[in-house]
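Both complexes below contain chain A, partnered by chain B and then by chain C.
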Partner chain A sequence: MNVSILTPSGPSPLDSSGGISSQQQLVMPGQVIPTHSGYMRGHGTTEENGQLIATVCGLVEQVSALIYVRPLRSRYVGEVGDVIVGRVDEIGNGRWYVEVCSSQRAQLHLAAINLPGSVQRRRTEEDEKEMRRFLAEGDILSTEVQRVQSDGLILLHTRSAKYGKLENGCLVQVPPQLVRRQASHMVNLPCEPPVGVVLGNNGYIWVGLPQRESARDTINYALGEVTYQAVSPPQRQAICRVRNCIAALSAHYLQLTPQSIMDVYSASVRGKLEVSSLTNPEVVRDLIREYIKTKT
Partner chain B sequence: MLSQSTLSPAERRFLEDGVRQGFRNDGRGLLDYRPYTVETGILPSTSGSSRVRSFGTDVLCAVKVDMGSPPADKPDEGVVSVNVECSASVAPHGELEGGSSSRATGRVGGGRRDDSGEGWSAYLGALLDDLCLPPCALDKKALCVSPHVYAWHVNVDILLLNAAGGVLDAMSLAMRSALRDTTLPSVSVGSRDEWEEEDTADGVQQSKPPFDVDERPTAGTPFPAQDIPVCVTVGQVCSHYVWDMSSEEESCAEAQVTVAVDRNGRCVAVHKSGMASIDPTGLLQVLKDAGRVGVELIKKLEAAMAKLGTGQPVVRERLGFMAA
Partner chain C sequence: MSKTEFVSPEGFRIDGRRPSEIRTFRCQVGGVSQNADGSAYVEMGCTKALAYVYGPKEARRGAMKTQCGVLTCEVSLAPFSTADRRKRSRYDRQTVELALTIRQAFESSILLELYQRAQIDMFVHILETDGGHKAAAINACNLALIDAGINIRDSLVACSAGYIDGRPIVDMNQAEINAGGVELLLGVFARTRKVSVIEMDSKITPEVFQETYEACIAACRDLYTAMETAVNDTALRLVHSK
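Up next is the complex of A and B:
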């Protein structure tokens, strides 16, 4: 038993090093944005009594005459090719409706998955009845954005060896802005023992057992082939430590890359911090301070 | 933004295996608590206020004291009413989608079919009133200023800003610290003669004697909140007892037991929720552990409040919502 009660502490260690340059203006909703004549009104703003007013909290950006506010936090906006992690919310109409932290649910069509044994054929009504065998409600999957419709609807596909149902791990949710598009979103971190991470562009991050790299995986990967494995205590400890490191970076609004996760991970191992101690905001603050120091 | 939908079977299995190994998803043991962050006196327009945070869970509590008549059946007691309100984003998930109760079963009070967002708040309020404000914990007679005439009406308003597990525990901590922060103003009620004079002058309508409020901030008396208990909730996951659950763990819990513990470690009230039954032999150990946890929580809470200078009429710098 270990109970503690903290009192609020001052600003985050980031505040002094600064993420926002002094040239950029941070505005709150309702704040008047200074303008010049002949400007164009962009996203995140509205006009009232001839004044330009911010409707979201964010940074004022200007591109020639266009003035818009780039929100600090927002929902995920899809882009073709993004790797995302989602949760099946509903099944129907020959498609899975997947919750991806976007303004609306993404859709994965039955035709956009590989059938078991990677047979190539038209999808039949039988397949439609069997959909729950591949992915049921609540299941978490890694997938890729195939197309984004004009209204923002995201269409997904899993037609690759690397995508599919995720097992043997846990999900961490972070603001989507923290996961940039990067070279590799599915990595096995060189922890001891290794930990597999899927960094979804939509801010859903899967942490679990490392992805197996067998020969057949590269040919094809049928959904449902990932199976339950018992996770040994040292393995679980590594997974949980990575999970807490991701939460720590996210709590201080720092970018999540395999490198940054590994840096914080090693810093926590170096500092001989217990995994559970990373649930303490004060410990996390010191850890992040340490991480920023080594980075600069 | 962060939805609390059902866990996938894979996540559930991972979590339950962790509980069996005694190593939870965030690395804690089964009996480990996450730190709470407490701040008192953050709302200047209230008689007492506090904000309690524990990871995602965020509770704001405001206490307002008012002069009113004592209840007719208990003329020598004050009135304390607890009111809980949930911000729209934390209404139990299933309820927003037409009341499918299966999704809400993990919550305290979940699984009741008639749940609506409002129903849930009302339920939490009633539960908190039952668990934390029984007669043995709060001497309502101390809230009476003048029998039959004046008594304090204490309104405890709890706003749930964000819920990510352990809602009831955080609320009880917030309520205790806000009440500890509360000062009852010093009031002197006019003499009986004045009252009767007014009474006759007014004719039919019964008027009340005038009262004077001593406006010096040092003049008031602290609210008698020392014996108010805090709630400690335990969940049963795979026949193991898990303390201070996260929302994922709550959705895996078959049943939950909430124990209200006072500063002496005595168990004031017990409440069980959830669909499954609980093994009574294990319950005794739960009650013992809850007593230890509760005493420790209250001790640490008092220490934190002493650091903050709770209940003292000194203007301090508040971090409030600018706190990290």
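Up next is the complex of A and C:
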């Protein structure tokens, strides 16, 4: 039996590479943020005696008159148009309650999905009884944020062939701050064999079989239905390697983009690292060092 | 046998500190737990506390409030943490009381109105007690909340102080508490200096109280400096690796 003993280490053993850009200020809760007249108060701040005060630990951002603090770590806060991955937690009231790592469970209404077979009609009570056929408790799905209510409740929709149930893969959870809005959140990585990745803005990342090209939007819409299928061992290896690379990047608080995942993936292949060895924090640290070296 | 001397004529306490000196403060912000949204570990001398924060997540049906969030706190005192080894029930008077104190203190610190229909859970584990475990628990909670990215008005810092041999001493260890003097627990907001927690069981004159209180506030300020540095270091490391 192999026994490995690790030396204790903090959250990130990386050498500090470069400082924060001069425009950005790191603040702590309770710290006063310097302001100019006529500013607007944004998230992560509060006002007291005419002073602007940070309420979270993070970087001060300014967009014209708006001043807000972007926290370094927090739960997901919904924004319209975000691609997110979630897990169905409960079904009831003609909606699915989806766990998306937010302050409340998101809701996917029955009316916000496309019925299979390009059916365009009112949802009936019959459909409500059949809800579990489309998505059951525990199923993982990719969706988009349709609306965010004033109390932070996220309403979802899957009215596009891109979205829907996810199968034949695994889920990785990372801090939501690491997945920024980017050009495409659903990509097929050019690994060997290819691996499909869905980068949810809420920090849930799906790694699985590549998405089929046939799932395309048409006016009458055809559902790109996913079904369980056998995944070959080399395919499983590739999926696991990508999953471990994502976990490695997240452990070192590095941004997740298709490019960064691919870079770490290639570095791990180049280093001839076993997939299972990528769960060892020391191997991961060396891998990430290697990745940063090639990046700069 | 002569009476134990708590402050020597040279002005040193039994563990070699000055009366206004706090014990070695060590802490780790985040990275203590994989599952929690925020976590922190705090050491004040030999007193050790762990705090985990879960949430904001959807509140339980019964507890849900539509106007603001719900805060819960649970404290556990490890069986091996005290001088007498004893397993305490979840409903032990001492821990339930501390949990209530912590909850009430942080209800005034967290901007709960931002977390409608949501719930924030705090769990504190006290691993070793050598006096001041209440203060350590509050400090650990504060750091864990910062790590979880929860909106708070200000950092809440807590410290204890006593009054022995005609002078105030801060951050007492168990030996000094056992002397049976005054014990004052104070939780103050770092920036506004507003008092959020105050606890004292003894009867003392206003003058003595004033002196102890001021010493305690000064100790809180020292503690906050240490906490601020730790949070800053952790944050900088995250920003840099980005």
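Note that the second predicted complex is superposed on the first by the 225 of 296 C-alpha atoms of A that agree within 3 Å, B and C clash if a C-alpha of one lies under 4 Å from a C-alpha of the other, contacts with A are read in each partner's own complex, and residues count from 1 in each chain.
In the analysis below, a residue touches a chain if its C-beta (ideal position, glycine included) is under 8 Å from a C-beta of that chain, and two chains touch if they have at least 3 such contacts.
Since we're looking at a predicted model, the values are computed, not measured.
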{"item": "First (chain B), second (chain C), both or neither touched by A:Glu137", "value": "first"}
{"item": "If touched residues of chain A are counted for chain B and for chain C, the larger one", "value": "B"}
{"item": "Touching partner for A:Ala183 - first (chain B), second (chain C), both, neither", "value": "neither"}
{"item": "Partner chain in contact with A:Cys57 - chain B first, chain C second, else both or neither", "value": "second"}
{"item": "Partner chain(s) touched by A:Glu167 [first = chain B, second = chain C, both, neither]", "value": "first"}
{"item": "Partner chain in contact with A:Arg75 - chain B first, chain C second, else both or neither", "value": "both"}
{"item": "Touched partner set for A:Arg105, first chain B, second chain C, both or neither", "value": "second"}
{"item": "Touching partner for A:Glu274 - first (chain B), second (chain C), both, neither", "value": "first"}
{"item": "Common interface positions of chain A, toward chain B and toward chain C", "value": "10-12, 73, 75"}
{"item": "Touch list for chain B against partner chain A, complex", "value": "1-3, 5-11, 13-15, 17-18, 21, 23-29, 31-39, 55, 243, 248, 289, 292-293, 296-297, 300-301, 303-304, 307-308, 319, 322-324"}
{"item": "Complex contact set, residues of chain C against chain A", "value": "28, 30-31, 37-38, 55-58, 66, 69, 111, 115-118, 146-155, 189-192, 228, 231-232, 234-242"}
{"item": "Chain A residues within the chain C interface of the complex", "value": "10-12, 14, 16-20, 26, 28-32, 44, 46, 48, 53, 55-59, 71-75, 103-105, 151-153, 252-255"}
{"item": "Complex contact set, residues of chain A against chain B", "value": "1-12, 73, 75, 87, 89, 99, 101, 136-140, 165-171, 173, 175, 208, 228, 230-231, 233, 236-237, 240-241, 243-244, 247, 274-282, 285"}
